[in-house]
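In what follows, structures are represented as structure tokens.
Shared chain: subunit A. Partners: subunit B in the first complex, subunit C in the second.
Presenting the complex of A and B:
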């Protein structure tokens, strides 16, 4: 369900006749920009037209057409629909496209990802290294002609499973050694002098050197992999002057499993349980985003009751995620586990509801294209009512009383790790990170989906953009989510829960769609290209945890090393989504 | 700072103190209930239900494995195959080896060998072999959701720890329909009613020409 969009006829082809043509392929929308004019176009889009927020950058490998395409989604932080623009280049290895990092710094990690996984070289990028794979990895895994070691077939379902499904263990099917391929001229037995960390350390050492009176030696320290790791396997390389951070680069990908490649082998429905495993704390939200994207392509809208159930589940997820985030931030600040476990109690009760509704506490797999998997079982609505009207408001106040006025939290949080409003937009920060910096941007209001345009709630916003505000905004958002849940409980309509007959093979017309939701961690987007087959041709996840990390380095520079983990905690990342 | 420094910390400590008090106060309440009504806080269904309810206060932990939270009906863990008891007590699988579950399975962990009639070479609706690689299964429940014969269902048994790879064959997967009805009574009743209605409809259409 789309909101009445502000009437705006944006004819970019008329405005930039030499640079831009409309994308006329059936099922596609947006604008195709001349490769060489891309930076000029982007600058005009940002400065003259007000599209100041670059949400998503990704690439598509159109192997049969011999083309590669880079797809950009830009929005205005004042709200409204976005603009999609694309650059097409002939398919080579590698292809070259001008980088937009100087115009939209939020593209930095996303362009690195597109380089890493698709082999698109962004000229002018300040630090174009691989980001999810390691530096001496050969090939670009998301290219359509790249095959993974346990490759069986291009698309599921695999023919070997039925009707002659003689069981064979995956590890016997492709034994280690048989499933490896090496680039030409590479001998695995021979030691090379290639240092995979060299590029990282070189990039790390490019920082503004300040003249101080005292001659000090700058120290390079690796934190992790694993230490900043109350959050997962994550590594930060920093250069320190004493205890002050001079330069910082996050290193990630330790949990990378090429979710998107798996998604392109899967059928559309098979991806639904895989989305649970992105940000495993917020599976209902992930389901929501993916379902929206595919429904956009299919042109179906869920029935009223399904919409209410969806919103109720998504907001319960937000509460569960935010109490977890607050608890974890306190762990990162050194208040080990008392606040964390207090917060988790409430999450437990929410997970009980998910378990009763979907069958699983965390891997919900509850949404279907055109509705939800099953209706609410008896008693669940009462449980939600008890929580939303009675227990949670009381418990949120209690948690706030425990934390908000605590002098240690205030002195460690206020004024630390500041992200200014301008920087938050520039770095494409999303969700609580953006709103704590004073930008009241929330996809639920900026471009309402589902039934959010009918619900009453406020966009939580805090002005200072420091660690303390990022903690407090999560309390604010929990309270707004409670308001939404209370409304959905009161207004829950009857009726069917599926718009179409449930089917395991859905027909998705050719075209592209970008479905985005305001996930608990920020804007979660799914970019899907269908060719009309049973599997998506391209399946891309705009992961808020990943893109929010773009601002992590700039936030930490100048801070003390002890605050680094606290800043990371206040961003609230989940590596399952970050590394994908 | 105009306020007293440390007031916020004291306020927070008040919250933890209240929790501490709540735990022991709950113990006192349950002691009273034990004396008067014989209800216990720990290791009893009523105690576990209370700790999983909105009214829980103080310590909240369920002491697994001595205590276990009851699972809701929709709870899903690895699939099993439903069989019905034949007239002589033999196992009649509901599965017709149509292969929908193996085609819908996201990690492709279901392997089915279809039986063929050795004389005619045509398929017989009964699986010759049926494997689920439980270590690969992601417990998504799609197989059970899309099985047209109510033959594959998600189990409630979640204690599957093992020292090796767990690959379940047909023997291990087969469970009686009575077990299925015991873990999912509402679902089973709904499906039985739907099947009965279908049968009745078929009977009605087949009876029509004679009438």
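Presenting the complex of A and C:
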């Protein structure tokens, strides 16, 4: 058990007096950087101070103050607390901020997302296109003055609905009788040639050129969004030379269901069930991240028993997710459905436990601010004990024995789709993807939350960063999760499960908070800005599936197209979280 | 439909051939074959797809219904299970897939989102139910529906198949399989080509 890195006091304002000022707003922390000095500051932060891992980039629209803010969270891969820095720009078009892609390539997709949803233009970004919406879409939806077609009121609960509970169909109220709105002066009957693919193909055109006089042709192949190997509605546009991948661009947003916009209308508690639907395989750990962020703002900590239940559920989720991931990776490698059936059997047993505690197999909605929704029903602890001590260790060994030495898996996995340690950090890869590349970075150890600082477990780590290691690290992590569950079962204390009285409305003081957990897919963060009202002013999700895809392109270039499918499977994405 | 029912065409079978041959109506044998071999499209959209996979796996075992053969290609599938939130960006593809499915084809809207938008209905990129674009045969409620609920929905599809007659089926009528649904366009917002006139009228009304 390694001790967390000692907390050092970091006074960036004294170090960079002309560039940086401390963020003095009440409830806020971090540093405000001069816009023009941002690249220099980021370079110094990375090279001189060692903050090599840019975790999250997001924007906030402070409409009343007339400014936009870009918020960056950077960490050291050696552990310890992070540094938050912000850039503020006047809210007038175009809102321009220098891009950090050249310093932290992991910012690429996140900056594109901020451009798409908030209209912040990152100058110097290599490929600034919309990422979640399509190219011709009108407006930037997360701006506070942008209203969706079914807009009713700024914040819930809507006055029209209560106290009588009246409800009108949104279609009856909407101007066009449908969930859509057109910009002023647009005539839907006029024939216009919209081509949502134009910008994408233009971005790929540079790779389609053929060199020298040889008559070869590069092929552009679209995989997805309807394709069995893309784990949902994900799409990749690949440029191929024969069977070798020359370049690729992921295309996403086919499951963009507006978590953040809806989340900014919802009250704080209403968002809890929505977090279930982010990464729908791991709803318990999504709940965990969101509860942590709001609890940070509220300044409460859950009672002991609730902490133990939370950790137990989060680790069960990790096991359920990893067996699923292994099963699906084997699907992608061509071992169609049989390994999947072995994995599913165990997942179903874990889902039974979730159903017993929360009432739902997948969408648990189990955590509350300051505890959990219900206590463990009778018999559940015994079931968990049986699983953690008896059945799962045996079954994990069995699954590993079937897979680990399989000749086909070894030859297709070892040395394929390599992500080096340096690249993994540069591209802000998280979770098993980062740890399989030899970086033992785990939020549970790097910045322990809940009760992880007193539990014994090892951070799983594998050195090679190939497909095989990314499969094997999931076995390692399952074993570590079992160790944690065994400890929580043994040490489960009695007592209350809520620190505060359960309430539909919680009072959240103004300020910002970033809560992060080590989810099964990687670092899952929630950035929340509260203005003291019933709803968050900004609700942003740092989704590991989304950011891990930044490294997908570089991993695939030079590989065969059949390996692309396996590499995608080894990253383990879930589109609900990726597109949000 | 059990064997007794299948072999009861409604008139008397001579005792010497009973048990030797099966006499039934064309409708019955045809529907019996179709309902016991519905091939769903391997097509997942969101959370509901996970429950769909669980339904196909060993615990709930879709193979009992002859439905375990999921085909990724729409050309080989009979049933589209719309399993999850339909977004504006995705709906042109779903409509195209539906058009590519051969008749007879069925659509099952799985879960709250596919049926009517669900918890994400108010979202700016969410379609309020797939039935705004393609005809739906069975709606399964739930968020997500449990595998048991999905199985019940699939049995409803079987019931529907059993009640059909080849003589009156749409897809055996002249031109019955030609009904293609126009693909929605991704402009400044999602444009349904069938509704452009209505949009113009409503725009004019709201400006007046």
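What we mean here is this: the second predicted complex is superposed on the first by the 545 of 580 C-alpha atoms of A that agree within 3 Å, B and C clash if a C-alpha of one lies under 4 Å from a C-alpha of the other, contacts with A are read in each partner's own complex, and residues count from 1 in each chain.
The criterion applied here is as follows: contacts are C-beta pairs under 8 Å (C-beta built on N, C-alpha and C of every residue); 3 or more make two chains touch, one makes a residue touch a chain.
Values in this document were obtained by computation on a predicted structure and should not be read as measured data.
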{"item": "Which of subunit B and subunit C A:281 touches, first, second, both or neither", "value": "second"}
{"item": "First (subunit B), second (subunit C), both or neither touched by A:137", "value": "second"}
{"item": "Partner chain in contact with A:357 - subunit B first, subunit C second, else both or neither", "value": "first"}
{"item": "Touched partner set for A:170, first subunit B, second subunit C, both or neither", "value": "both"}
{"item": "Contacts of A:340 with subunit B and subunit C, given as first, second, both or neither", "value": "second"}
{"item": "Partner chain in contact with A:403 - subunit B first, subunit C second, else both or neither", "value": "first"}
{"item": "Subunit B versus subunit C as contact partner of A:162, first or second or both or neither", "value": "first"}
{"item": "Touching partner for A:502 - first (subunit B), second (subunit C), both, neither", "value": "first"}
{"item": "Contacts of A:348 with subunit B and subunit C, given as first, second, both or neither", "value": "both"}
{"item": "Contact residues of subunit A, present in both the subunit B and the subunit C interface", "value": "152, 170, 273-274, 345, 348, 363"}
{"item": "Residues on subunit A engaged by subunit B in the complex (per definition of touch)", "value": "152, 156-158, 160-170, 266-267, 269-274, 338, 342, 345, 348-349, 352, 355-360, 363, 365, 373-374, 377, 383, 386-387, 390-391, 398, 401-410, 502, 504"}
{"item": "Contact set on subunit C toward subunit A in their complex", "value": "42-47, 49-51, 53-54, 57-59, 72, 84-85, 87-90, 93, 97, 113, 117, 119-128, 132, 143-144, 146, 185-192, 195-200, 202-203, 206"}
{"item": "In the complex with subunit A, residue positions of subunit B that touch it", "value": "5-9, 11-12, 14-16, 19, 52, 54, 56, 60, 71-76, 97, 99-100, 102-106, 108, 110-114, 123, 129, 131, 133, 136, 138-142, 145-146, 154, 165, 167, 186"}
{"item": "Complex contact set, residues of subunit A against subunit C", "value": "132-134, 136-138, 141, 148-150, 152, 170-171, 175-183, 186-189, 192, 194, 196, 225-228, 232-233, 253-258, 261-262, 265, 273-274, 277, 280-281, 340-341, 344-345, 348, 361-363, 575-576"}
